[in-house]
């Protein structure tokens, strides 16, 4: 393993979120260290996705704050999160369906592209140079994810498993420091799950990207993550290394649903 | 020559990013341009220029503008005609109020003013989407309809309410004959079509399409919805403004606000639906279709009526036009939502494999 | 003061008619998520059918009584609107289930064009009269409260009462009947409604039919006032800001939005019009709705939309 787990890079403090009276998250705190793979698990409706949406500013929590590399964010927005180096994938695939795989991933690099509207209108010159430079970068990602053969296909026509990969590719194109993965393995067969695990581990290992991932399937997560947070009904019921969490009686109860 | 790309390998990303990556396409498009620039002026008569070719070129430009906004950025507009009107009247005012203003500069300035107005009326798109936005763009339509009718300054206090441009001066070259007008429109159209293609294949085009396809995800990857949407409104309105100015200056010569009424807006929307949303090529197909169809019906229906011994009045033809347009819109939305452009590319796919079925 | 109240009442009555057209929009939007741009064409189509049948029936069958001719024409038109609803569902909507709102909007634009062309082909394109015996003369009321009294147009008053009745009936229909409940279920979630056995197609035919009847009533009222002509189709364009103001999914919103727009238009025309030129009422309503949208995108009574990812 070439990676070294470092200092706390992302710290979530006392996050509470509710939708018109329905509590989705109550008073949740946890931290994420640099270069680690941090999992958030919990049964359906535990508030995992809400948690992710809070981290990158899609939802604004009523209470609590996000500290990112020492910087306090009282109200995070998706734009700020993107600029601060947070990328994410989506549970229900939020790809740009009418665009090709290549364009989807290229779109992930828009923050790094500088040519203005007039340069783009002329095309020849700065716009084209920039386009080619980023294209080379994107092709690296395409190679990494092994999707060369479909780069010119509109994503709407791809099967689910490949779409998931494109979603990951688009996030990677941002060269994020923190990558949020929303149920990356949901709805996949065993082989696809193995592929996805390999990609996640490789990303973490090769690029040193910090990964926060959500799963409700405990098995895989326990194998690949360094530390695990367990949510249930919007509360934190466990936090620690996979083995610790597995032994936690509250967690067992939440998952097995004992009657008392 | 068989339409095939075998053996044409791309060895650089630059080669892969050309507008027409297949060699046969490049040859065809070049031939088409030469034909349009040289061949057409040789044989076309005045009627063809006035009734079909010039309207086709100008409306293609307008349809391009609508397509950039609706097809690429996904912001529906029912007020396209208003931006044509703004372009036309702004250009007119530049022409008559600034001494020695060249016609072409006035036309382009008309586009710039339309772009600015487009940004203002695009602001609601930041708060509302889809259906509500469609209604917001209608506000632009009705407001400008009213403004050009009632605010006399815009029409230079002309007593009839209509304005006219007497002569078209292209940097010393007086544009009088239909051929010259045709070439002027053709030149501008080629230029702006190229610009549109450049924009849509580059970063801004991806931002527009990202906003269209999934705006939440677009924001998450750092696309600013405000910039993306307002730039789409600005560019689209610029195209419409230039098209409007040309429509007034070159095609009509003298015009009233009714030339840019809500019917024009709907007509432009129909062009991009029938031609193909999100396709540059589609804008041309749509414009051609909508320009030619009424002329065709005007000839064909009375002839058809003559066959069965019924006289078909002009009114009946215009009602039939309404019905056929309506039916076609529905047909395309159901059967081929990507319009004629998709039919065209499906045809090309087939040709690529021909004579093998798969 | 009396003049102000007169303007206000005039506005409220015009507003009631807007509400009626807006109600057609809301009904269809609630049940099918379709923003029905063809509502105006429906009004024109229904009014044309009504006007022409009221003219043709006496000529064909020698019916003497105007009332009988009107009633028969009314019934025939309702039947026509039913067939139209059926065809719209069969030929258009059925194929566009689960499409995006914008696509559906454009489809209704197609329907509108078709209906306008078809209606004029079949029924003619002149100006026709609908004479249902509406009194034309104005009356003075409240003479003892205000000096000179307040002038009210009887026709407007009756129209407003009819509109109000229809609105009440429709609200009851939506809230109290089994069909109404099914409609609301479909509005909430097409698939869920289908899965508990609500026939989606039939529901759509019903709402389009109801919207057709609403259009007919609006067409009769407007037609008897202004004559049946092509411009009736633009009535819908004037009712659009109403829907925006009230919220696309709200029946009370359509009513109150209509009243606000009606009053706003009249007041602006009377008090602002002279200073900035006449004819402002059409865009004034839009701008009013637009400004409102910027602060409350979901309209007065619309439900707040929470984005989920």
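We just call them A, B and C in the order they show up, numbering each chain from 1.
The criterion applied here is as follows: contacts are C-beta pairs under 8 Å (C-beta built on N, C-alpha and C of every residue); 3 or more make two chains touch, one makes a residue touch a chain.
Just so you know, these numbers come straight off a predicted model, no measurement behind them.
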{"item": "Reference chain A; chain at largest CA-centroid distance", "value": "C"}
{"item": "Chain closest to the middle [Cα centroid of all protein chains]", "value": "B"}
{"item": "Rounded Å distance between chain B and chain C, as computed from the means of their C-alpha atoms", "value": "33"}
{"item": "Chain A and chain B, separation of their C-alpha mean positions in angstrom", "value": "41"}
{"item": "Centre-to-centre distance between chain C and chain A (centres being mean Cα positions), rounded to whole Å", "value": "48"}
{"item": "Chain B residues counted as touching two or more neighbouring chains", "value": "216-217"}
{"item": "Residue list for chain A, restricted to those that touch at least two other chains", "value": "58, 90, 94"}
{"item": "Chain C: positions in contact with at least two other chains", "value": "307, 309"}
{"item": "Contact set on chain B toward chain C in their complex", "value": "74, 76, 123-124, 127-128, 130-132, 134-136, 138-139, 142-143, 145-146, 149-151, 216-217, 262, 266, 269, 273, 315-316, 319-330, 333-334, 337"}
{"item": "Residues on chain C engaged by chain B in the complex (per definition of touch)", "value": "35, 91-92, 95-96, 99-103, 105-107, 109-118, 120-121, 125, 237, 240-241, 243-244, 248, 277-280, 282-283, 286-287, 289-290, 293-294, 297, 307, 309"}
{"item": "Residues of chain B that touch chain A when the two form their complex", "value": "13-14, 17, 195, 198-199, 202-204, 206-207, 209-210, 212-214, 216-224, 231, 235, 278"}
{"item": "Interface residues, chain A side, partner chain B - complex", "value": "56, 58, 78-79, 81-83, 87-88, 90, 94-99, 103, 106-108, 110-111, 113, 115, 117, 120-123, 127-128, 130-132, 135-136, 139, 170-171, 174"}
